[in-house]
Amino acid sequence: MKKIGVFVCWCGLNISSTVDVGKASEELKNYPGVFYADDYKYLCSDPGQELIKKTIIDNKLEGIVVAACSPNMHESTFRAAAEAAGLNPYRVEITNIREQTSWVHSNKEDATIKAIQLIKATVEKVKKSEDLFPQQIPLTKKVLVIGGGISGMTVALEVAEAGYPVILVEKEPQIGGNMAKLSETFPTLDCASCILTPKTAEVGRHSNITLMTNSEVVESSGYFGNFTVKIKRKPTFVDWEKCIGCMLCQEKCPKKTNSDFEHGMGKRKAISVAFPQAIPYRPIINEKECIYFKTGKCKMCVKVCPVDCIEFEQLENIVEENIGAIVVASGYELLPKEKLSEYGQGKYADVIDGMQFERIASASGPTEGVIRRPSDGKIPQSIVFIQCAGSRDNQKDRPYCSKICCMYTAKHAMLYKHQVHDGTATVFYMDIRAGGKGYEEFVQRAIEDDHVLYLRGRVARVYEEDGKLVVLGVDTLSSEQVRIEADLVVLATAVIPSEKAKVLGQTLKVGTDAYGFFNEAHPKLRPVESMTKGVFLAGCAQAPRDIPETVSQATGAAAKVITMFSKNHLVSDPQVAKVNEKICVGCLQCEPICPYKAIEPETIEVRIGHTVEKRQVATINKGLCQGCGACSVACRSGAMNLSGFSNEQILEELKALCL
Amino acid sequence: MSVKFKPNIICFACNWCSYTGADMAGTSRMKYPATIKIIRVPCSGRVNPTFIMKAYQKGADGVLIAGCHPGDCHYNSGNYFAKRRFLLATRFMNYIGIDAKRLRMEWISAAEGVKFARVMAEFSETISELGPNWRAREEV
Amino acid sequence: MMTMTEKMREQVKELFVNNEIKLFIGFEKGFTKFSRIPAFAENYDEAKKMIIDEFETPFLAKYLIRELEEVAAGIVEKSERVAILTRGCDYLGIRRLIVDNIILRENIVIVGIPCDGLIDVKKANKLLGEEAREITIDEENVIAKGKTENKIISKAEVVLDRCRQCIMCEPKESDIMLAEKTANVKKNKDYSKIEEIEKMSAKERYEFWSRQFERCIRCFACRDACTACNCRKCIFDITEPEMLEKTVATSEQFMFHFIRAFHVAGRCSACGECERVCPVDIPLGLLNGKLRKDIEFLFNVEEAGIPSEIEPLGEFKLDDPDEW
Amino acid sequence: MSTKTKTEIASMIKRIELISGESLFKCYQCGKCTAGCVMADEMDISPYKVIRMLQLGLVEKALKSESMWICAACFACRERCPKEVDLAKIMEALRVIQIREGKPLIEPDQVDDKVIEEMPQQGIVSGFRKYN
Amino acid sequence: MKYSYFPGCTLHTQTKNFNDSIKSTSAILDIELEELKDWQCCGAVYPLTTDSAMGLVSPYRSLQKAHECGNNLVTVCSACYNVLKRTNLTVANDGEIRTKLSNYMDVDEYAGESKVLHLLEAMRENNGFGIIKEKTINPLKGLKVAPYYGCLLLRPSKELKFDDPENPTIFEEFIKSIGAVAVDFPNRIECCGAYVSITSQRKVKGASESILKSASNREADIIITSCPLCYHNLAKEQERLEKDDYTFKPIPILYFTQLLALALGLEVESCGFESNKIDARPILKSKGLIYRGDA
């Protein structure tokens, strides 16, 4: 029988006025297993804690029960006191006789009886308590950031500035992401590249950042603090080390092709760099378009290259990196116009999406900032913007709000009106969601100062008639049908996660929602963490959001990483699941229940008599387990248990309370 | 011989929402009957249906499982698993003759001290009306 | 035409000759005329005694644990294989063991038998009015020979109760099929007995189950026979924590049956073996059936008896019902 | 002013939902139905507004409107509705309620003989199915 | 391929030319259409109420019979197609209604096992357009044909799955196969006003007019359709336009199988042009596609 001490706190009058603490400690003295019991006025005070420490040492107690306020208040206080006295802190349990007894009952007799019973139950629990020790987990202080857009760059810079090495992986040949394509930004109308270029340049030259563009993460193993990832580096066919960025190759290359960066609005050469401020400023050959790759002839780039850096035979290679934390900032895309059959299914050249408009409005874009329509290069005299094109639409499986469209549409309309003063700009909207600093004012400016016509209603159809685009809409405020003949139609298509997000989620073992956005660990309290420990989220990978919000979230994610790296090793809470390997049959029915993917099969060797038996059992990754205990219920034989709230402890507590 | 029956009720409360909700009820000095005793568990998903049966066997007259609201689970999904288990367990216990009214599951958040006190009072009342549970209870 | 027994022998011979299996599990005649017991053959000669007919047989799937657990664990050569006669219900049991990672599919040769339902000799005797001396079975009828007279009974009348609720008449996949014929017994999900109990008052239900459970001698035969009960060490055999106390009391019986039923909730494949082996005839099927019924109803599962990779209690849907 | 009590209105709404099998409260009045409706011009109350009225409990007003009789059940609205509300079914429910109360739009003898003669059988049958 | 054929009431009465051209052309294309015995009216509109199954009785009977014949069911009238296909889907998915209907009619339960196809779908299924192209003797070169789909063929698309509801192509494929040019006119998917014209032709004016104008803007020579009611509404509207708007040039409206008959080389007399409200023969003649048979 263990020697258990019981301390009953008066909490001044808070407890003692309703619970007869003296009677309680008296009665507990005679309870089996209790070696010492006493009551004290304020146990949480220094003398109170000293009393506890002294009693533990003097009586060589093997467990204590403190009947006091809620464990949420002082569990850690009393556990620390016990630890100081040489008792394992997990042999300390709190009985809540204040919040859940003295304060909620008025009859002293009832309250005392209840308190005594609660204390006895806790004593029973402590009898089954075990020494638990936090585990130290080694930590690689290096972070992998996936995605080189504004969020990924922000994370990379913050962490790098804090002094830790960063690997930034970007699938495109250059960093900058979607923001690099934008013309101007709301609500200030400052040019996107003006504010972005200093950032990209800094990322490019920061000594703590290893930039891996044209690369993708293809494999990940390990757990928080200790991941191993494999990164696929796709061939660029140019030796970037040698290349000096003179871009003669681009100039001389005879093959023109559609530019992905321009979203079909402009052209590029088969060997080229996407845009003049690109970082790294190095060209890449488009294998599918290059004449040499197609016919085996040409080699114009080889001829003109002064440093001989074209490498047609370059292959992709895989690099392996050990890292401690991962930040997913894989960004967003726009819903393809092809999904919107009522708006022409992408077959009308002059029905474009928001990003295409950004390109034609961008000073560095294909039209050098003059808003011309793609079909014939004319300056549109009438332009219609359609918001919620695919968003808030159950039919298109995108019932969510894309959040940024209201604002950028107002910006588009404004940019247009600033250029074409006598043109008409019409916006079809459903609700204007302009919640943000200066946002509502911005939209109002578009309406009041720039005379953008806002119509509340959705557009049913867009079709071509006599060289004009006919927009069939409605103004629900006047309940009039509206038919507008437009030169250019801009669809604010829904924001969707990056195409590869789902696969990336599977690779990193991070869950995504039905649409492919990454799930956060807690919607309110842990918005930048994923369900997988050590993997953090930033930017539109998690949900649609604008630049200021993305930057704040990215900074938050960086702070999380820095906090994690500020220690020399990680400490895990020992109150986690444990497996009794002798009993576990390895059926792994516990596995799907674990929200943290902390349970994995493992083959163990057990010696039974003379033979060594190999068999499969479940194991807990103590670094990942958070101690919810759901697995322990799924385990029929009870092989899975939860330290600190074990089956034995709960049952004993339960039995004592039922009496 | 009119001693009023004082039921014995066990409440499993998840540490993050309902247990804190119970603390909230206390901090706000709300009153509810002393018939209810709380067992703190990390998550409603930790509660094994066997515990409930054991509680009846050892003399509980009613059992209440309190967890976070759906979508609010600290561990994301524990309460959904708990819900499935207890949807099934309640029906099954009822089937073998233990009144389904004796088992109740409630979603109580950390802010819902009022709800906690109300549920406790209500449930205590329900169990008082049902009277002591003798079914599947060990003979003493 | 070859009978199934002949075909089985031919196939088994081939399997042994080609060294494909180390063991064949089937049935042989038991101690009484109509009883069938498990039989194990390590070579073709031993297999000659085996038969296939339509009398009630024990469940074979669970023997695979004994035979194959070590193989699955990798102690013994991976290539060792065991062939087993498999009806639809056996198949579900085998699936259960595979899903639970107890045995590996590659070590099993499933020798499939389509099944119309097995014959309950007791029922035949009852209809005949005496203990039958001989029973012959053809396509549709059962002919029971008595002392003086013979009685022709339609098969449907004497089919086993558990076979009436069959959810799989032949193995869904097999390595060898002994007959082409797909069984013509209709799937008949029959929860009527359970519904009857549901209609009783709580008191009546409690009394009903008390009567049943009080008979229980806790021999654990139900557990031992069940493929869903495949734990290395059963919770009932563990003393710390003591889920089940040794006292003989109604409350402990309730405890036992509650835990047993809940441990197979979402896992029971409705084979009825637990009921067959129960020496005191506790209607365990009514407990397991209730759980299956509720799982199907509550969680929108079409057939709770078919083992799936993730159990109904190992997953959830956001739109699970809210009512208790 | 409505002559009906709150409960009467609630039960009428319920009835419309029951007959149509559609939820009235899914609609968020984006107007896409109306934007693409070829008959909306003829209607006294726009299609999206009909639903809005029902949401507000103005059942009588909605029933008095002509819109439901103008609807040609071409399903363009249903095809495009982002909330997947089948407006044609709601219009049908309104028609059916009128017809069942003995207030059909047309009686057979009111239809011009010339129309009957010229119109294809299919048109006549559907016309009477919808209006009587 | 053999199908059961459901002509529907209008094809048996007012628009015999439609029916005749279907029969004569399908024979050439090896599409065997066996007319369903004792078929009855499909009901013309699919009932949109949930609380009454009466409207389903009649289509259910036809479907059930077709199934007994063991064939998939082909129909051509857009309304029949809409009703039959949706009913088929309903009885496949809703066991309760199915049981109710079978009990009511005292027939074996039919759970939508057969397929309901529009003739165009039946063609599409078996490379029919390729075959048409092969068998076209008289390609309608230079003829600008405006395909008018109307609503009942296309919508609700989730149930009918006939074609993309906003950008359909099946008629265009058909037109291409007979050597003509398809006119892409935006209003081809809009409604003509349907049965509303029973109360007053005026009410469908707007709907029908925009379709006609849209086709005429694109300089269509001919409009084709597969729906007698659309045909009627558009023709009536043309009558009015001709009177009120002297700039408007009427466009002949045909059933698509009439053009098919011509392309497959059938005699002009057997194409049923004489029964069309606006004679197509002058325009066909002016394009050099026919040489005789003008009225």
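Letters A, B, C, D and E mark the chains as written, and numbering starts fresh at 1 in each.
The rule we apply is simple: a contact is a pair of C-beta atoms (placed from the backbone, for glycine too) under 8 Å apart; a residue touches a chain by one contact, two chains touch by 3 or more.
Here the structure is a predicted model, which is why all the values come from computation and not from measurement.
Colleague: Which contact partners do chain A and chain B have in common?
Modeller: Per touch definition, common to chain A and chain B: C.
Colleague: Show which chains lie in contact with chain B and also with chain E.
Modeller: For chain B paired with chain E, the chains in contact with each are A, in label order.
Colleague: Using the stated contact rule, I'd like to know whether A-E or A-D comes out ahead in C-beta pair count.
Modeller: Most contacts of the two pairs: A-D.
Colleague: Among the chains, which is located farthest from chain A on the basis of C-alpha centroids?
Modeller: Result for the farthest chain: E.
Colleague: Taking all protein C-alpha atoms shown, work out their mean, then name the chain whose own C-alpha mean is nearest to it.
Modeller: Of all chains shown, the one whose C-alpha centroid lies nearest the global centroid is A.
Colleague: Express in whole angstrom the distance between the two chain centres, defined as the mean CA positions of chain B and chain C.
Modeller: Centre separation, chain B to chain C: 37 Å.
Colleague: Where the CA atoms of chain B average out and where those of chain D average out, how many Å apart are those spots?
Modeller: It comes to 50 Å between the two C-alpha centres.
Colleague: With chain centres taken as the means of their Cα atoms, state the distance from chain A to chain C in Å.
Modeller: Computed from C-alpha means, the inter-chain centre distance equals 48 Å.
Colleague: Nearest whole angstrom, what separates the Cα centre of chain D from the Cα centre of chain E?
Modeller: So the centroids are 26 Å from each other.
Colleague: Multi-chain contacts only, two chains or more: what residues does chain E have there?
Modeller: 165-166, in rising order.
Colleague: Could you check chain D for residues that touch two or more other chains and list them?
Modeller: 41, 76
Colleague: Using the touch definition from the top, which residues of chain B touch two or more other chains?
Modeller: 49, 54, 77, 81, 85
Colleague: Report the complete set of touching chain pairs.
Modeller: Result of the pairwise touch check is A-B, A-C, A-D, A-E, B-C, D-E.
Colleague: Spell out the part of chain A that touches chain E in their complex, as residue ranges.
Modeller: 341-342, 344-345, 347, 461, 463-466, 470
Colleague: For chain B, which residues count as touching chain C in their complex?
Modeller: Interface residues on chain B, with respect to chain C: 49-50, 53-54, 57, 70, 77, 80-81, 83-100, 103-105, 135-139.
Colleague: In the complex formed with chain A, which residues of chain C make contact?
Modeller: Interface residues on chain C, with respect to chain A: 70, 72-75, 100-102, 230-235, 238, 240-241, 243, 263, 310-311, 313-315.
Colleague: Which residues of chain E touch chain D in the complex?
Modeller: Spelled out, the residues of chain E in touch with chain D are 8-10, 13-15, 41, 43-45, 47-51, 55, 77, 79-80, 150-152, 154-157, 165-166, 189-191, 193-199, 201, 203-204, 206-207, 210, 227-229, 231-232, 236.
Colleague: For a test of understanding, state which residues of chain A touch chain B in their complex under the given definition.
Modeller: The contact residues of chain A facing chain B are 70-72, 96, 98-101, 103-107, 110-111, 113-114, 117-118, 121, 521-523, 531, 575, 593, 595, 626-630, 632-633, 642, 645, 647, 650-651, 653-655, 657-659.
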